[in-house]
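Got some structures for you, see below.
Same chain, two partners: chain A is paired with chain B first, then with chain C.
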Partner chain A sequence: MRAASSIAGSLFRAVRIQVLLPIAVWVTLAAIPWVGVEPNLVRLLFVTFIWTITGIAWNLVGGFAGQVSFGFAVFYGLGAYAAAILINEGVHPYLAFGAAGLVASFASLIVGVPTFRLRGPYFAIATIGVSETVRVIMTNLSVTGGASGYRIVEKRAFNQAEHFYSALVLLTVSFLLSVWIARSKFGLALVAIRDDEPAAADVGVNALTNKLAVHGVAAALAGMAGGVYARYAAFIHPQGVFAFNTSVYILLIPVIGGLGTLFGPVLGGVIFGIVEEQLVATFPEAHLLIYGALLILIVLLEPGGIIGIARKVRLPRRLRSAT
Partner chain B sequence: MAALDWLNVLVAAILLAGIYAVMSVGMTIIYGVMKIVNLAHAGFMMLGAYFAYELFERLHLDPLWGAVLAFPMFFAIGRLVYWLFVRWLPVSNQPTLASLLLMFGIWLVLQNLAYLIWGNQDRSIFTPRTFLTTQIGPITVSTLRLVAFAVAVVSLLVFEVVLRRTWYGRSVRALIQNRYAGQLVGVDTKRTASLTFGLGIAFAGMAGALFASLYSFNPDFGRPFLIRSFVIIVLGGLESASGVALGALVLALAETVGILFVPAGYQLAISFGLLVVVLLVLPDGLARLFERKYRPA
Partner chain C sequence: MSGSVLQIDQVSISFGGLAALREVSFAVEEKEIYGMIGPNGAGKTTLFGVIAGALRPSKGTVRLRGHDITRKTAYQRVHGGVVRTHQVVAPFRTMTVLENVLVGLCFGRRRLGRAKARDQAMDLLRGVGLESFAHERADVVSLGNQKRLELARAIGTHPDVLLCDEICGGLSLTETQAILDLLRSIRSRGTTILYVEHDVKAIMSVCDRVMVLNSGERLAEGNPEAIQNNPAVVEAYLGRAAAKKVQR
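Let's look at the complex of A and B:
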């Protein structure tokens, strides 16, 4: 009796932290544009949402399937350009976001098809090659203004709340999608591939199609995030959206928070979104140096990121099961 | 195009291939022995270039001497980096997520340290020899490239002898072929790994210093060369040093000929396109096509 009730109690606590806390945070966030917060804070939250979405997307490929990509800026940037061009052509922005996701997803095949058939470091290196090549091409492409960038002209009034909500909705969808993947057979297959690809293949997991699928989904999320960002920024250029730094940031977010966990990229995204602004302002030269050092420290000392520390500290016991 | 032009292109490609081989051989042995993709390779090449630059500016030392001196200097740096960071990585027969992220972090740190020290403007080294040319029969080549090629070839030959004749070389070949079997017959894996990492970084630094006298550079220097190194290694079959020379030649040829048809801005697209084609058509690399008897060395 006693045991049963304590199990029920701990289950309830686990449910409380896993479900009620995120819902409370979400409701608070959703209410923010209503209570008249200053626009700069709304902008900061918007940017944080965008980073978190890309971090969730990277975590699907890097954290769940164990495939390290250094080229997520490609999907982010292609999505941004696709959405920008379509919006300028008069397509409804929300349709344009969807198209941005499709374009990015299609682009993910270019890296995935040649490299996912092989085990080893091929994929990771090819992603560096693709991001370099795409940036060079976009810098020289005259249709989109080349290096001088591309402007988005929307024939309606700027509504910050609408941008905020489109980012929040996309973030919610991404997070729920990652929860669904983590609990599905698909997610199990990805983790099996990460942990031991030959063994996974032996029990009938098709590594190629699973890796291609998760890469495509992640690319679509990153592409849509790029599209939402492009519409907000109203101006994009290759050295911004396609920058190598963008790929670094996207990779860093789930690593900081905790690779392969559900809440890791969210925690990482929130921390990154807030810290990045301060860092760039205070150390414009050295902020990448700090990120590099952080990456080394995390890999050597605590590969589990913040979630890993939380699990070790044992204090928030409920958080341990929450991941 | 006349036959003479093609001969010029061929010679230019061979000269370029020499330095490309030096740059890739370091990455190959580190991968072969430790199964670590050294993403920081680009960072060490960039440091090698600045090393030659500083020696030239402060001590008026010829950059080719800088390249020779870079070798022991970067050997020491490589062993230090191994001792500080790399040896803590979990041992694996596959490149791990941790090793990729660690080497990437080291690269970011090196690159941005260089931005802090030298700023972001392009540097280059001009010596009285920079514009000299040498006439070999009907063709004209840059003297500097010829000498850089000679330095590269000599260092590669010495390394080949070390691999074949010394105990260290035998350990390296054993670990490349089969890590566990190597351990069973008493290869000291830690020591071999440390020496190999040092040597790999030494080759990176030397290649960077050689490039410094040919191209201008900035702290971002080396990133395109990282892709090139990898294309060369894949062409050569990820674990054989003899394949590296072949891979370097193929890439150098593709680039030198490609520049006649493709705008210079897209040059990197050539190497990347080559990578995709090779991965699709022969993932085992060119070397396996030609020589199956002499596997790794």
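Let's look at the complex of A and C:
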């Protein structure tokens, strides 16, 4: 009886942290535009949401399925351009965001069919190649303004709260989708592929189809994030959205927070979103060096990221209570 | 050979200049335990790879109930009813023991939903004696238990033909006996088993028929007793002098 109540107690505590805390944070965030917070903070939160969405998307492919891609800027950038062009053509922004997701998802198929036949480092290298190719093409494509960039002119008045909510809704959808995938049969296949692809095939998992599917979902999320960002920024250019740095940032977010976990990319996104601008402003020349060093340190010392550290810190406490 | 579940015809495969298998043919009958032995490098694991779809033969065919499956991929063969276990255990290491079995149930022939698969996974784990390890991570349980897990995960796909590759390698005598009992009970439920093992005693005690491979060629086939007294087999294992003793 005592054991049962203690199990119920610890279950309740787990539920309290994993469900109630995110809900409380979400409600607080949703209230922010209402309580008159200064616009710069709202902007910072908006940017943080966008990074977090891309981090959640990357984590589906890199964390769950173990396919390390250095090419997510392709989907982010294509989504940004697709939404930008459609909004300028008079399409409703929300429809344009959906279309941005579709364009990015379609692009992920074109990238995925040849590259997913490669494994490990060869896949990673191939994604760098694809990403650089797309960047060079977009830099020279005159229809979208080439290197000079592309401006979005909207007829409606600028409403910061609307942008904020667009990003928050997309973030919420992305997070819930990642929770659903982690608990589904699809998620099981992805982890099997990550752990041992030939063994997964030996129990009936079609690795290529599952990798293409998760790549498509992740690209759609990254593409929509690109679209939401493009509408807010009102100006995009290939050296920004298609930059190799963008791909590395997207990858860094789940690595900081905890690869293959649900809350890892969220924690990573929050830290990255807050720190990134300060780092760029304080160390304009050296911020990339800092990111590189951070990546190496995490991979060497704690591949589990912040979530990994948290689990280790919690474990001894449990051991202590057991004795 | 109309009752054959699995039929291997004239299968050859070479790696570079090395012929690993040379025109190997044999057929496995319904519900039998068919053993395969041979010295190191005889081509046993290569033959398994060819049957399970990991390797493509340069010549010859693999047929499942008469259907040519030589060009099918590994996962397609699982859906057709052929599944293998691995000589070097290959658990999904970040998953729990239970989740490993779920993969077999969800993506094998029955393609169960995750919730429905869960109950059956517990039954399977109980069957191989792993229920108390269900929630342990697969990479922390002992080698013997990982071998049982290989078996449970493979059975979860609901195969017609189970390929067991040295499932007793590295196990104690008691553990080996337990695995052999398990194979007998799997067969009694209607599954045909193709069994490769270095432990000749284990093979002889459980198999209906045995084939001997040597240097990529089929050396002999027959019931365990006939194989044990076959001079060619004894020569391959123990040398010419021993073979002469048997002939006398």
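Annotations
FYI, the second predicted complex is superposed on the first by the 311 of 323 C-alpha atoms of A that agree within 3 Å, B and C clash if a C-alpha of one lies under 4 Å from a C-alpha of the other, contacts with A are read in each partner's own complex, and residues count from 1 in each chain.
One rule holds in what follows: a residue touches a chain if its C-beta (ideal position, glycine included) is under 8 Å from a C-beta of that chain, and two chains touch if they have at least 3 such contacts.
Because the structure is a prediction, the values reported are computed rather than measured.
More chain A residues lie in contact with B than with the other chain of the pair chain B and chain C.
In the superposed model, A:E285 lies in contact with chain B only, and not with chain C.
In the superposed model, A:G204 lies in contact with chain C only, and not with chain B. Touch criterion met: A:I128 reaches chain B, while chain C stays clear of it. In the superposition on chain A, A:P39 contacts neither chain B nor chain C. By the touch criterion defined above, A:L118 reaches chain B but does not reach chain C. For chain A in complex with chain B, the residues that touch the partner chain are 62, 66, 68, 70, 110, 113-115, 117-122, 124-126, 128-130, 132-133, 136-137, 139-140, 244, 248, 251, 255, 259, 285-286, 288-289, 291-296, 298-300, 303.
Interface residues of chain C facing chain A in the complex, by the touch rule stated above, are 52-54, 73-75, 78-79, 83-84, 86, 90-95, 99, 102-104, 106-109, 113-114, 153-154, 156-157. By the touch criterion stated above, chain A contacts chain C in their complex at residues 183-185, 188-189, 191-192, 194-196, 198-207, 260. Across the interface of their complex, chain A is touched by residues 31, 37, 39, 85, 88, 94-95, 97-98, 100-102, 104-109, 111-113, 115-116, 223-224, 226-227, 230, 234, 238, 263, 265-266, 268-269, 271-272, 275-276, 279-280, 283 of chain B.
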